[in-house]
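Take a look at the structures below.
Next come two complexes, and both contain chain A; in the first it sits with chain B, in the second with chain C.
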Partner chain A sequence: MSDASLSGATPAPKAKSSLLTQTALVRKRHRAGATLRWLGLAAISVVLFFLAVLLWSIVSRGVPALFQYQAQIELFYDPAILNPDGGDVDPAEIGGINLRTGFERGIFTNSLRQTLVEAGIDIEGTVERRWVAEAVAALDAAGLTGGGVVVEAAGAPADAARVFGQAGSALRAAATALSGDDADAALAARDAAAQALTDVGFDDAAATVAAIDAAGGADAVAALAATGYQQALLDAAGALRQPAQFDDAALSALIYATNRRDVRDRLVDNPDLVGTSETVGVPIDIAVTRYLSGELSGVGTAQLPPGFDIGQLSLVDAMVEADLVGNSFRWHFFTNPYSQSGEIAGIGPALMGSAYMMLVVLVFSLIFGVAASIYLEEFAPKNRFTDFIEINIANLAAVPSIVFGILGAAILFTLMDLGFGNSIRGTALLGGIVLSLMTLPTIVIATRASLKAVPPSIRDAALGVGASKVQMVFHHKLPLAAPGILTGTIIGIAQALGETAPLLLIGLSVSTGAALLSSPFSGGLLEQAQSMPTVVYLFAQNQDAPVREGLAQSAILVMLLLLFALNILAILLRRKFERRW
Partner chain B sequence: MGAFLTFPVVLLVIFVLAVAGYLLGYRRARTLSEAAPRSMHSRPNQHGWHVVFATVAPAVLFIIVWVFSTGVVSNIYANAIIPDELQDVQVPLQQREGLTEREIEIREEVLRTQFVATVKGLAVAIDGYIANGNANEADIERWRADLAPLQDRLRADGQVVRSSVTQGMLTVAQDLRRFNARMATAGPLVALALTVFGFVLALRAISLDFRARTVVERWIVGFLIFASTMAILTTIAILSAITVPSITFFREYGFFNFLFGMAWAPAGDVAGIPEGRDGQYESVLGFLPLIWGTLYISLVALLVAVPLGLLAAVYLSEFASKWARAWVKPALEILAGVPTIVYGIFALITIGPFLQAVVGATVMPNTVSVMTAGVVMGMMLVPFVSSLSDDVINAVPQAMRDGSLGLGATQAETVTKVILPAALPGIVGAVVLAASRAIGETMIVVLAAGALSNVQGLEPNPFGAVVTVTTRIVAVLTGEGSGFDSIDVLAVFALAFTLFFITLGLNLLAQRMVAKYREQYD
Partner chain C sequence: MNDMRLTERDVNTKEIKIEARQVQVFYGTTHALKDVDVEIEDKTVTAFIGPSGCGKSTFLRCLNRMNDTIDVCRVQGDILLDGEDIYDKRVDPVQLRAKVGMVFQKPNPFPKSIYDNVAYGPKIHGLARTKVELDEVVESSLRRAALWNEVKDRLDAPGTGLSGGQQQRLCIARAVATSPEVLLMDEPCSALDPIATAQVEELIDELRQSYSVVIVTHSMQQAARVSQKTAFFHLGNLVEFGETSKIFTNPEDPRTESYITGRIG
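And then the complex of A and B:
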């Protein structure tokens, strides 16, 4: 290669390729290289996108679910409701079983009614207006204008319902007669229907019906049906009958009024409450919550919260307008036990149970893991027995967690058979032991790595000045390896924190953990416990969609935050204490 | 006396003696060494520790062994004292008709097991009743004449009495209670004696020549050895937990009937008693539909995880800038640290409905399906595959890269033609490990693969719901556990048995491949 060939002054016929001009082949090769690079980048983008979607789906559902719509109610502990005999109730009687059955619902309903009235809400009126509006809208949609006037003239909505119902029936009779063979009857029925419409006040509609050819047979029936009058009238009548159906049960259904234990507990704790009132936040029914959050529009049957009608929703609207309903943070989510009812479900015992289990894992697997690693790394002779232990540890690290669950179940059955009885099922102690056995290999591997990282000079120096082997290990190597061991242990514990399957198999799937809550410190390790991953599983199995999709994500959010906190702790410890030799 | 001397009390005594022993031993050794400077073999604190070990270790070891063996011994005793002619454990004459000798034997075995359980429950109930201060021993004997009041009294006190109490039951229960009471007194007594014995002996052993350090270190190394056998003990425990019921199942149901059965439909048969026609079990417990579901999902997962993980690893180790590596690697670690139940719920409520919206409800009737679980599981495995492959790729000697680049190959050609072929055994090892993970994965499939309890045949549709091995294990064993007497429960242990050996085989294979690959370049 000369300068000349590069400058191109003397074109060399053979020099098709150079550093500056690439041949087709080189370009192709480089293109292939770029493709591989782009593929790699695409793969990473796909994975990162998946991670983003995963985190977004948790945060976007979990954070709103941490807030709860609550009605501020002036709860009045009415003695008249508490006492089955109607007289005054003695505070000393509270806590006994002689309170009137269902008194909690009575207290809730009366208090709710009173609160609404005090806020200036006309309960029956609001419901009635909403249903009347519904009826008028149905009539208007079919071209039966002026329905509102009719309702007003009729007085009570039920009376208007009767009027519309009669007209509707007349139209139905006309439709039946028109499809029949008897021409005279058809004519009479058509005229009767038109007359009925006139009577109600729908003159235009009456004219339309009267114009239908009574001898038209099937065409006439179709023409009548096309007007939609009959359906609209019957719908309107149906809607107008609703206000009369509205009762205390329909009112109290709006709030989560079945939280009986709560009222009873309040009264038992403080019998002086009888006859007094206090303002409390009562959770709104979780189905109504979906309406309040805008998830369901409330228009059309499919958009109504299951089990509720528009009359009840109109009351909800009125309560929102009167500022009686607020969206507040669900503090009790962190203290309550799991419950089928999303309104009061929480993860309190799960947090505690997980903490207990982590404690067991920490003590058990740290002691045994570190001891096993020290033996294998420092004392064990190179023989078959040692090799066998090593193979076992390597395999245990890869055994599926469900198999550890089977082991846990077997331990459970054995212990139950050995006289521990049913009380051992689902305890934090048992869960902790099973998780420890799972975590042991992780900790052994981490500990051995950090023992290996301590330079041999430390060992030689200690042995050289006359330390025994045990002294060399415990006084010199172990303190130097401690940060690494600690980091490995925290990572192992973080793994154990998220394990679900083994815990399900030892009976945590059937416990709410409430027992743990009632005696948090006395018998924590030996109570029926709950744990974070299993409570997430329970939330995911709940029958209510808002619980499955909302609260489950909130619980996941809490669990992930704990995991991240543990991992960050591990990273910080590593940064602070890591020594390069 | 027996009532006050319990294990917690003994443990408290042990603790107090241990603390006192350390202080006493330390002081005694100190006095000795001060009297004769530089002539003592061990340091005072080593003498102190020796007393602690001698006080604590034998007694605690004894307590652990005792607590577990009393249960076993009590069971054996209960079984031994049941009179054979007792009506409770015999199949009534009118039911014996048409049964073979073996069937009667099996039924009596079941009756006996139930009887022992009931008697133990009754003994616990009476103990609780007396402990609550409702009666004394003499009362119980007096009420023997008429059993109904006893039963009602027990129940009124909140004690659990499962079936109605018979005379035979009460006799055996009382006998068992006396035996248990003796055991409960003897255990703590022996433990206490061991503690005091060790304490005194160790204190008396302190002398100038006593090699306390050597003894203490022997104790310590002994504990280290014991700790390192935990791994073996765990493996043995797992093996016995799954093997014993599995073998019973295989003997009862037939190994090949299980392995090649095309349907899974448990019907609640009791082990040992084929209830259906021709002495056959009504339960159909075939392995193929379940392993089909497992492998189908694993295949989908690997099809997602292997290309993505491998490409990501190649990119990160060969092309990525330092900056990109510093950000992408922790992100992958986050993905690897997310608990599997989180993936399961994500699959259930986000990926499932999304897939259903894409392919339509006719192809995918449910949101749970092979694809739902497979895709998410694949994503879960990406960091696993990529970090293992990363290690393998980084282990390829730099000289091979330099050689290839020096000959004029582009970077991509070096990767595809030199590094990947060289790293292939290691990468295959990583894929095998990932497959083992996918097969053993539980929570994702429990939530997102389908939850049928009966399956017939193999589901070919990748958008259809399937049942997997792990799903069945969870479904059966989380129900209120009915113990081992049902063939359906035993079958689940057989599932765990096959699962364990499949994953074990894959793991050993992968380890061998990776080891071989390492040897090649080390």
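And then the complex of A and C:
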């Protein structure tokens, strides 16, 4: 400054503050802005993270569940089983055969057995070898080497089981005697145990047992237990008893052989099939599927599929080796009805039911919603009564969906009292009407908003050339509001598609009812229906873990895809019809 | 143009198209227009001038009952079109608006094709029975609005894609297409640039051959250029009504003089 005044030129006006440094206030404002930005980023990251977790948990379980292991078996329609009395098989008789007699189970079991034999698999031998290996492994682990020789020498596994069982019992008796007060008895029992081991052929073990101090009391008991001989012998005996337990039921448990209705229907349709055979893919039991997909190792009790043992798994391994088991896409998931059995469960009627309900919702809520909106927006006088209606429509949008379910149930019971019987219960029509009530406010609000958004100049222009109010609305405002109405409608329908609670109350979740649907594509508006969300609910409640954790996710995946498709449709329609003015 | 206007002014034997007597307009409790008496002649351009909020647009909208769409608006007094009271209970405003067309301040073509914009009025009023007739109406209306040569090759193009001046002429064509007898224009040039304004003004002058034109304008120059009769509104009152030349050169009321000379408004 002083230079400037010295130079005599006009002094530069003294700046109150420099532009080159930030004032405290500006710094504070920038800090606030940066904080807000980071908070926003953090919020979005959290949301994205949870979205990713959600999608991953659904996709990682749902996609594999869409594939199913199938056994290719030669299905032989055995006349001997179809008519146990011998002689010809009458088609009418087949139709009358009780499904629970297990005749088809017999067909399936025999066919599976035949297929395995043809593939060179020795069924009983495979099972036996697996169990013998298990017994020998148990013995080896306790230091009882040479178990295999003993089993071979004994002949049948059951005989070997008896030998090992006796030795184990002798050891158990010794342990009891050693803990007792009678020294003589303890000595005798110890020697007897050692002798039993020698008899079986485990000389080293016998020496070990004989070396235990019979007067040792508690120490002797501990020393005997530490050898682990008793447990190993009893385990081996248990394992060796298993092959004798293996029967047809254990064999047929591997595949899903209970689609009896199919077999019977096929036979009724075409009686010539009796006595012939055809290659069909039969689903592997859903529990075994987990073993095949590597979820369960089959080693140890906890790693076994529930209800299966290692003998059966060894057969599965043999079938895989013989290339009899393949993993294929579960097409029937999209056509079959819901079933308790995960092997054949599907979402066919649910898809159709949901589609029908969406149709009903579209028709009802679009017509009534748009009509109500046009009346309220364009024609209704503005008074307290219309204000009251408007407030209540807005309130209706916030009513919990279960309340609409209660309303639907009330309608249902009234109709049943009026003599419609049970026929309306759980139908797509009833479900659709209930969902329409739920969707209506959404559509009314969206429609009114888009009608309001049409510029008033269009209204003036139309009235100015002499259009009547109705012409103004239908020729000009409605077409311009259509994209908004469509978007609102699709969002409302997507919401309705995912709604479970009201449908549970009006009987759309009853699985037995939907089982009546012979073909998923024949269900009309007035037939028992299922819906996607209720089927997801049923899947998620299934007793089998693979259904709970696989098929439920698959169904959710299908539903999500449908919702995405609807939303994309909404966006495309909006893009296409959007006008600027 | 000026010459022509002078000769027109001499002719004073035109019939009265619209006659307003003691018109009062209320918006709720606000008395927006008081005791307006105006006689609008056929084949004449009548301009309404006045400061903002003086009621000139309100009065214009009374002439084709566009005020009906405003709930709180009440109109009293008589407005006679060819001797018939347009506020009579038996009058259908839809029919009235076919006779009394309107052009708005902001060009407001429908978001449809140029053709559909013009054809809409004739269609709903049943003025054309066949496609050929409709084509003729559209062409003649666009010609009247001096737009035909600019758009004849793209009748299917959206009307909203035209320039501002073209849009306003399209709106005029749309109004003309219903064969009205009176054309109301509410500040038709206020959203336009000077060139477009000149085109529209020229057009108004031509339209005068066939219609009675009423124009509301903020621009006194415009009123002077296009109109033969001028009405000056102030604070809801019709202050002065008479020959345009007289209003602008020798006003009777001091308020008119103040407005014209720029002291008020």
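Just so we're on the same page, the second predicted complex is superposed on the first by the 520 of 581 C-alpha atoms of A that agree within 3 Å, B and C clash if a C-alpha of one lies under 4 Å from a C-alpha of the other, contacts with A are read in each partner's own complex, and residues count from 1 in each chain.
As a convention for this text, a residue touches a chain if its C-beta (ideal position, glycine included) is under 8 Å from a C-beta of that chain, and two chains touch if they have at least 3 such contacts.
Keep in mind that this is a model prediction, so the values were computed, not measured.
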First, second, both or neither for A:G180, with chain B first and chain C second: neither
Touched partner set for A:D460, first chain B, second chain C, both or neither: second
First, second, both or neither for A:G40, with chain B first and chain C second: first
Touching partner for A:I402 - first (chain B), second (chain C), both, neither: first
First, second, both or neither for A:G125, with chain B first and chain C second: neither
Partner chain(s) touched by A:G307 [first = chain B, second = chain C, both, neither]: neither
Contact breadth on chain A, by residue count: chain C or chain B: B
Partner chain in contact with A:S468 - chain B first, chain C second, else both or neither: both
On chain A, the residue positions that both chain B and chain C contact, one per complex: 468
Of all residues in chain B, those that touch chain A in their complex: 68, 70-72, 74-75, 120, 124, 213, 217, 220-221, 223-232, 234-235, 237-238, 240-242, 307-309, 311-312, 314-316, 319-320, 328, 331-332, 334-335, 337-346, 348-350, 379, 382-383, 410-413, 415-416, 433, 436-437, 439-443, 446-447, 470, 473-474, 477-478, 480-481, 483-484, 493, 496, 499-500, 503-504, 507-508, 511
Chain C residues within the chain A interface of the complex: 64, 66, 69, 71, 94-98, 101-104, 106, 108-111, 120-121, 124-125, 160, 171, 174-175, 177-178
Partner chain B, residues of chain A touching it in the complex: 29-30, 32-37, 39-44, 46-48, 50-51, 53-54, 57-58, 367-369, 371-372, 374-376, 379-380, 388-389, 392-396, 398-407, 409-413, 415, 417-421, 437, 440-441, 444, 468-470, 494-495, 497-501, 504-505, 507, 509-510, 533, 536-537, 540, 548-549, 552-553, 556, 559-560, 563, 567
Residues of chain A that touch chain C when the two form their complex: 382, 455, 457-468, 471, 475-476, 480, 579-581
